[in-house]
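Note that the chains are named A, B, C, D and E in the order they appear, and that numbering of residues resets to 1 at the start of each chain.
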Amino acid sequence: MTILLKLIQGIGVGALSIAVGLLFIGIGRKITARIQRRYGPPPIQNFFDIFKLLSKRSISHGFAFDLGLIAGFSALLAAVVFLPMGQINIFPHNSSLIMIIYLMTMAYLGMAMGVSSSGNPNATIGIARALTMMMGYEVPFAAVIFSVYIFSRTGSLANIVAAQSGGFLNWNLVRLPFGFVAAEIALQGMLGEKPFDMTIAPSEIASGPMVEMGGKYLGFGMLQHSIGLFIETGIMVDLFLGGASNIWIFIAKQFVLYFAALMINAIMPRFRIEEGVSFMWKFPLLLGVVQALIVVL
Amino acid sequence: MNSNLIWLVALPLIGSAVAAIVVRYKFLDRLITFLTFATTLFVLFSVHVGQSYSWGLNFLGTTLNLTLNVSHLSIFMLYISIAFGTVLTFYSLIDHSRMKGFLLLLILAANNWIFMSNDMVGFFFAWELMGWASVVSVLGGREREKSRHAALYYMIMSVSGSYSMFFGIFTLWRLTGTFSISANIAYLSSIVGIHPWWVLGIVSLFFVTFMIKAGIFPFHTWVPLAYAYSPDAFTPFLSAVMSKYGIYGMLLFMPLSLMERGFPSAFGGVPWTNYIFVWIGVITAVLGTVLAIFQDDVKKLFAYSSLSNLGYVVAAIALFTPVGITAGIFHAFNHLLFKGTLFITLLAVISRSGTSKLSEMGGLWKKMPITFFTFFVGIASAAGIPPFNGFGSKWLIYQAMIKQHLPFATILLFLASTGAFMYLFKAFHSIFLGQLSHDYDRVKEVSAVGKITEFFLMFAMTFFGVQPGYILKPIGAIVKSMGLKPLPVMANGYVTGMFSNIYVPLISWSLAVSFTLGFILFFVSAKHKYVSQENNYTAGQIPEDWGLTPETYQFSWNFYQPVEKLFAPFFRIKIDGFFRGTGDWTKTIGSAIKEIFVGNAQMYAFFAIVGLIIFVIAGWMA
Amino acid sequence: MLKYVKTLNSMGLKARPLGDWEFEVLTPKERVAETLSYLKGSGFETFIHLMCVDWIDDGEFELVYNVESYGEAIQALVKTRIPREKPSMMTMMNLWGLCQVYEREIHEFFGIKFEGNPNLEQFFLENWMDLPPLRKDFDTKEFSEELFGFKEDESHGIKAPERIEYK
Amino acid sequence: MSQSQWSELVNYFRGRSMWMLHYCTGCGAIELPPVMTSRWDMERFGIIPMATPRQADILLITGYLSIKTLKRVVYTYDQMSTPKWVLGFGSCTINGGIYWDSYNVIDRLDKYIPVDIYIAGCMPRPEAIMDSFIKLREMVQKGEAKGYEKYTKNYEWYKANQDHVFGRSEPVLRKAEEVTKSA
Amino acid sequence: MSIFNNAALLIGVPLLFAFSIPLFGLISKQLTKWVTLFVIGFNATFSLYILLAHKYPAVVVMGNWVPPFGENLYIGPVAAFLVSVISIIGLLIAIYNLWAIKLGDVTRFSVLFLMFTAGASGIVLTGDIFNLFIFMEITGISSYALAAYGPRRRALGGAFKFLVVSSIGSTLYLLGVTLIYTQLGTLNIAEIAARINQTTPGLLTFAGILLISGLAVEAELFPFNGWVPDTYTGAVSGVSASLSGIAAISGVYALFRIAMTVLGRDGAYVFTYGKLDLMTVIAILATTTVIIGELSALSQKNVKKMLAYSSMAQMGLVAVGFSIGSKLGVYGGIFQLVNHSIAKSMLFLIIGVLAAAGLGEKVENFRGLWRRSPFLSLAFTIGAFSMLGFPLFAGFWSKFAIVGASIQRGGWYDFVIGLVLFASIVEAFYYLRIVTYIFSSTEVKAPKIKVSLSPAIPIFVLAVAIIAIGVYPNFIGNFSMQSAGEFTHKMTGYVLNVIPTIVAH
C-alpha cells in the first residue's frame, strides 16, 4: 500500500516541480522584460509554449536521439523525488546530496548523448562547452559540499535541514557565509544563467545543444530545464536557507534565489568558456576552500 | 592440504603448453585458452577460504616449502580476475587480433599463484613470470614499431620493480630467517614501534614494485604506452586485471598495525605515510584525468582513465579506515568491470573500423547498436551514475575522504570525477555519435558470441549497481580479516556510508517509473519522423552545393581545445624526464666504457700489469 | 592636385581636374597599367572601385578605375574605352590584389574577359545562361516576364508604370 | 472533449505561443528589433526569435528575394516542422515591389512557398508588423491559417514553379554565346 | 682398481686420441671429427657414470706415490660435476662442429679441440697446483689456436690478444707457485691448504696476489679480461661457444680452488690468510666486471660482441657469487656458472647457424626472425630469458641464490648486489631489444632459414635442459649444493679426503 502512496506522492512532486519550474521561468521572463523596460509575456507563457511544443510535429535522428532526450527529462524527474522540500519528504532517509548530484549528471549524459547523435557540430560544441562548464562549477561546489558535510556531520539533505532548524540565526547561510557565496556563484553556473550560458549561446553556436531539437524534443528540453532549476534551487535552499517548514515557504525561498540569479542574468554579458572555467576556479573556489579550512580547523 | 589449490596453478600451465603447441591455428588456440579459463573457474568453485597447500623444494640447501593459502582477499581477487578472464576469452573467440593464447594462460597461472601464495619465493617467482609473459604479449600490438618500444619501456619498469622486491624479500629473510609472508608481516608489525624508519624502508621496497605494476604517480609513464600499443585482445586483461596485482600487493603489505602505531599522525588523524599515499593517489587521479581529456588515440585515453581510477583506489585504501578500504576494493572491482567492458567493446569497434584514432571514427551507433548500448552503460558506470556499478564506490570514496577531513584531496577528486565525465563523453561521442562516414557503411554488428558477452556485461554492471550488497559482503569479510570493523551491510543493496546511506534499488525504481512517464509523454505528443544525418540545420546552405561530407561535418578533432590553454602550464612538466634521463645517461656511460676495450694487445697487457701493481701495493700497505 | 594633372598630360594622356578634389585621366587600353602604377607610386595607394559603363551607341565599354590618395584626399578616375565585341582587358591584380573581385563582377554582369584573373566563375547569379544582365542590349523586363511570368494583364489590378526611354 | 474542442484548444495555445525564425532575408529585417524591444515588445504575445528552423513556427520573409536566397528560403521552410506559417513583408514579396522588372528578384512569393499574411508597405512599420502578428494569432486560433496544408496538398504546383526558376537548362531569352560571340 | 674405473682415463684417453688423430686424418678428414665425437662421448659417459653412481670422493694416485708425495687426481663432488658438464657441452659442440667445420684444416681443428677438452677436464680433476699450471697451458695453447681457426682475419687478431694476455697470466701464476713451493716445499693442493699457515703473511699475500691475477685472466675478471670481446667475436661460433662454455668453467674453478681451498680459511664466510683478504679483492673485481660488461654491451650493434661482453659480465656475476664465501653464495655461483655455459654456448651456436644462413651479425638483421625460423628464434628467446633470470628458466634459481646470499651476508654486499641488479636491468634491456626485434615482423618477405640436423640437436638439447632446470631445479641443484660444501669447508671437504693423516696447523 505504501508503495502506491509513495508512487502517487512521487508523481505529485514531479508535477509540482514542473509547474513551479515553468512558473519560475515565466515570471523570470516577465522580470527580465521589466528590467529592459518591456511589457513582457504573461507569467504562464511557458505553459503555452510547452503545450504548443508538445502538439507540434518534429524530426528525430534515430532512436539514440529520442532515448537521450527522454533520459534527460526522466533522470531529473527521478532526482527530484529525493529532494526534501518543506514538509513533503518522500524518502527521508535516502536523500544523500552526492547521489542527487550524480543523478543530475545522468540527465546531462542522456541529453548529451541524444543531442550529439544528431551529428550537428553546433550541438556537440555546445555539449563540450557544457561539460567543461560543469567541471568549472563542480569544483567550488565540491568545496561547499565538503564544508557542509563536515559542519553538519551528515550527508543526507533531510538531516542537514534538521540541523538548521530553529531561527534564522542557525541557518547555514549565517554559519557558513563564504560557502554560501561560493555556492551562489556555482548555482549561477549550474542554472546556465547569463554570465555562464555559453552552452546555449544563440549567436555563436545557434542555441548549442538545442539546434536539432524540434517540437516535443524542445518541450522535453524545456521540462528538463525547469525541473533542473527546481532541484538546483531546492538543494541550495536545503543547504543554506534551512529548508522551509511547509512547501510554500520552500518555493518562496527558491524564488528568492532564482530572483538573485535572474538579476545577474539580465545584466551580465557572456563569458568565453575558458574565462568562465578559470573564473569559477578563482574566486568561488577560494571562498569554498577558505570555508572548508574554517570548518576543518 | 587440499590439492585443488595446486590444480589452480597447474591447470593453466598445462593449458598454456597445449596452446603453445597449436599456436599456428588461431581459432584452436583461442578455444583452448577459453576452455582453460572456464575449467579454472570451475575448479575455483571448490576452493574455500582457509585451505592451504605446501610442497617442499630443497633449494638453497634448506627444504623451502612453497605454501599457498587462501584468505578472504585472495578468494575475492581470484574470483573477479578469473571470471573476467573467462568473459574476455569467450569474447575473443570471435576476435582475430594477434594475441597468443599461451601467454595469457601463463599470466593466469602466475595470477592464481600470486593471489594464493603465502611465501615470498613463490610470490616472486609468479610475479616475474607474469612480468615477462605480459611484456612478450604486449609485443603483438597493431603498430609494430610503437608496440616494440612500449614493450621495452614496460619491461624495464617491471624488471626494476621486481629487483627492488628481490631486495625486500631477502632483507626480510635476513631479519626473520623465513620466507612466509604472514610471518614476516607479523614480525614487521611487531618491530614497527621500535624503529619505524627501518620498517618504512623495507615496506617501501615492496611498495615501489606494487606502484610500478599498478601504474601510480611517479611510475605511471609506461601505462599509456603499454595499454595503447598492446594487442587489442590483451589490453582488457592488462588494464582490468593486471593493474589489480599492485593493489593486492599494497593490501597485503599494509595491515593496520603496521602503519598505525609507528608514525606520528599527520593532518586529520591519518598517519603521515598514509597521508603521502593519499596525495599520491589523488595526484595520479587528477593527472590521469587531465591527460586523458586531450588524447586523440582512444586506447591511450582509456589507459590514462585506468591510471586515474587506480589513483582513486590508492587514495581510498591509503586512508586506512573501514570505509576507505571498502571503498577502495569496491572501486577496484568496479574499475575492473567497467574498464573491461569499455576495452572489450573497443576491441569490436577497432577491429571493424580499422583505426583507433578518435577523429577518424563516428556515427557507429547506427551500425552497432548493442555495442553502442554496452559502451553507454560502460561510460555511465565509469562516470559514477547511480543505477550502474560505478556510483557506489565513488560515493563511498568521497564519504571516506570527507570523514578524514581532507579538503584539498576531496576537491581534487571531484575535479577528477567531472574531468572523467568529460573524456568519457568525448570518447563516446567520437566513436558512436555524430556523422557516420561512408566507408563504415559495411560495418556489421558483433556476432552472436559478442552479443552474449555484451549482454552479460551490461547485466553485471547494472546488477552490481542496483545490488551492491553482493560485493560489499565479501569486501566486508576482507576488511574484518584485516582487523578493521567492516561496514555494516544490512539489507541487500543497502549501502551505509559514513554520513548517509542510500537504498540503491530505490534509485533504480524511481528511475524506472520516471522513464515510463517520459515514454508515455513522448508517445502522447505529436508524431516525429526520422531524418537522415545530412538533413541538419546548416543556416540554410544546402549540403550538396556546399560539398559537405560526413567526415568534415563530424566534430571530434580538438574536442576540448579551448580548455587546453587552461592546462597548458600543466603539460610543460615532463614527468618521465627522470626515466628518460637515466636511460640516456646509462647509454652514454655505456659507450664511454666501451672505449676501454681499445682493441690492441699492448693495452690489455698494460691493464693486466697495472692491475697487478695496484694489488701488490694494496697488499703491501694492508 | 594640379601637379598630377600636369605630369599626366606631359605623359601624353588627357588629364583634367573635375573638382578641387578629383581629376580624370583618359588613357588608351594599353597604357592603363602604366598610369595606375605611376599613380600608385605617387601616393594613390587606395583602390576604391572599378566601374564599367556600357556606351551601346558608340559600341564600346568604358572601364573606370577609381583610386584615391588618402594623404592629400584626392581621387583619380582612370578611364579607358574597350570595344563591345569580344571585350577583354588585362587584369590589374598585380597592382591591387582586390581587383580580382571587381573584375569577376564585371565579367559576370558585362561579359568582359580579364586575362590573368584566376577566378571568373559565377558568383551572384546562379545557373545563369543568358546574356550578362547589365548590358544595355539585355531586356530585363522581357526576361522578368518570361521567367517570373508576371504579365501586366494578370488580374491583380496593378498597372505597371510606363517605361522611360533611355537616350 | 470532442475532436473539434480539442483542436480548438490546441489552436488557442498555438496562437498564444508563436516562435519566429530569426532569419532576415531582406531590408525589412531592420524593422524587427523595434518590434522586439521595449517600445512595441512582441514578446507579450508570446513571440520570441528562435535560432533554428527546427524550433520556429513563423518564417518571416522581410524583403525582396533573389533566386539565390529563395533556394535557401525553400530549404529552410522544408526544415521547419508543421504547423508553420509564412509572413511576407513589404511589397517586394507581393509583386516584386521596386524590383518588379529586375532579372534577379522574384515577383510573387506565394508562387514558391505558401504565404499566410502579406504586410503591405515598402518596409511596413513596427505597428503594421504587430498588427500582422495579432491577425495571424486570430487566424491560427480560428484555424484558418492553413498555408502549410495548402503547400503539402498541391506540392507539385509549387515544385513546378520552383524548378522553373531554379532548374533552368537553357537560357530564358537567347543563347548567351551567340550574343556575346557577335558582340 | 681395474683400468676402467680409473679417473685418469678422463684425461688420458682424449690426449691419446688427440695425438693419434693425424693418423685417422690420413684415412679421411671427416673421420677425425667422428673420432673427436666418440672420444668426448666416452669422456661424457664415464664422467656421468662417476657423477650419477656417486663414485666420488676418490683419490687417483699416479704411480703408487701416495700423496702428498706423488701427484694425484682428486675427484670430489665439484670435479665430478664440472667434468661431466664440460664433457657434455664439449660433446654437443662436437656434434655442432660435424656440420660447422668443413673448410680449412679439419684434422688440426679436431686435435686442438680434443686437447682443449682434455686440458679443461684436467684442470678440474688435478690435485696438484703445478699440474694445474700444465693443464692451464694445454687449454691455453689449444684455445689460442682454435680462436685463430677460421677464414676471418679478425680471428688472428683476437687469438693474438688472447695469447699475449694469458701468457702474462700463466707466468704470474708460475711465479706464485714457485713462491709457495719455496715456502712449503710441496705442490700438493691438499698439503699446501693444510700447512698454509706456516708461510710468512707478507710473502703469502704476495704469492696469493700473483696466483689470483694469473688465474683471473682465464676467469675473465676486470683488469685481465681485455681479450674477451675480440677473441669471442673473432673466433668461429663453435669455438667461441666452447670458450664461453668450457674454458670459462675451468677458469673460474681454478681461480676459486686456489682462492678458497688453498688460501682460504674456514668459517661462516671464507676469508684468505695473509694480510690482504683476497676474497674481497675478487668481489670488487667481479662487481666492476659485471658493471663494465653490461654497460659496454648496451651500446653494441654487433650481436656476437654483445654476447661476448655479456658472458664477461656473467662471469663477473659468478665470481660475485663465489666471493660471498657462504655455502649459499658458492651454490649460486656454481649453479649460475653451469646455467651460463649452457645458455651462452646455445646462443653462440645459434649465431653460428644464422651466420651460415647469411644473416649478418648486426642487431637489425634479427628483425622478423620469427617468420624465417621459429625454432631458432624460440631457442634464442629461451637462452636470453635464462640469462636474464626470468622464472621458468634455469637462470632464475641461480640469480635468486646469488642475490639471496649477498643480501644475507649484508654489510657492503648490499651495495654490491645493488650495482649488480642495476647492471642486470641494463642486461635485460639489450637482450630484450634483440628479442623484440625477433618478434616484430618486417614487410619484406625473407626466405625461410633451414636448420640442418647436426646443429639442431645441440641447440634443442640445451634449450630443453634450460627449461627442465628452470621448472625443476633439483637436477643441478643437489650436485651444486654438495660441491658448494667442498669449497666452503676446506678441511673436511677437500683436504682430509686427500690426505687423511694430515694435521692442520
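Everything below uses one rule, namely that contacts are C-beta pairs under 8 Å (C-beta built on N, C-alpha and C of every residue); 3 or more make two chains touch, one makes a residue touch a chain.
The structure displayed is predicted, hence computed values, not measured ones.
A.B. asks: Which sets of chains still touch one another once subunit C is disregarded?
C.D. replies: Groups after removing subunit C from the contact graph: one piece.
A.B. asks: Check every other chain and keep only those touching both subunit A and subunit C; list them.
C.D. replies: Intersection of subunit A and subunit C contact lists gives D.
A.B. asks: Give the chain pair that accounts for the most C-beta pairs in contact.
C.D. replies: By contact count, the leading interface is A-B.
A.B. asks: Based on mean C-alpha positions, I'd like to know which chain lies farthest from subunit B.
C.D. replies: C
A.B. asks: Counting in whole Å, what is the centre-to-centre distance of subunit A and subunit D, each centre being its mean C-alpha position?
C.D. replies: 38
A.B. asks: Just curious, how far off is subunit E from subunit B if you go by their C-alpha centres, in Å?
C.D. replies: Their C-alpha centroids are separated by 44 Å.
A.B. asks: Can you compute the centre-to-centre distance for subunit B and subunit C, using the mean CA position of each chain? Integer Å is fine.
C.D. replies: 73
A.B. asks: Can you list the residues of subunit D that touch 2 or more other chains?
C.D. replies: 52, 54, 71, 79 - these are the residues of subunit D that touch more than one other chain.
A.B. asks: Let me make sure I understand the interfaces: which chain pairs count as touching?
C.D. replies: A-B, A-D, B-D, B-E, C-D
A.B. asks: If you look only at subunit D, which of its residues touch subunit C in the complex?
C.D. replies: Listed in rising order, the residues are 66-68, 71, 95-96, 100-104, 106-108, 111, 164-168, 170-176, 179-183.
A.B. asks: If you look only at subunit E, which of its residues touch subunit B in the complex?
C.D. replies: Answer in residue numbers: 157, 160-161, 164-165, 168-169, 172, 202, 205-206, 208-210, 212-213, 217, 222-224, 226-227, 229-230, 274-276, 281, 292, 295-300, 327-328, 331, 385, 388-392, 396-397, 400-401, 403-404, 407-408, 410, 414, 417-418, 421, 424-426, 428-429, 432-433, 435-437, 439-441, 473-474, 477-478, 481, 484.
A.B. asks: In the complex formed with subunit D, which residues of subunit C make contact?
C.D. replies: Touching subunit D from subunit C are residues 84-87, 111, 124-127, 129-133, 135, 137-144, 146-150, 156, 158, 160.
A.B. asks: Would you pull the subunit B residues touching subunit E in the complex into a rising list?
C.D. replies: Listed in rising order, the residues of subunit B that touch subunit E are 57-61, 106, 121, 124-126, 128-129, 131-132, 135-136, 139-140, 144-145, 147-148, 151-152, 155-156, 159-160, 163, 166-167, 170-171, 173-174, 586-587, 589-591, 593-594, 596-597, 599-601, 603-605, 607-612, 615-616, 618-620, 622.
A.B. asks: Enumerate the contact residues on subunit A facing subunit B in the complex.
C.D. replies: Touching subunit B: residues 7, 10-11, 14, 54-62, 64, 66, 70-71, 73-75, 77-78, 81-82, 91, 93-99, 102-103, 105-106, 109, 112-113, 116-122, 124-125, 127-129, 131-132, 134-135, 138-139, 141-143, 145-147, 149-150, 153-156, 159, 206, 211-212, 214-217, 219-220, 272-274, 277-278, 285, 288-289, 292-293, 296 of subunit A.
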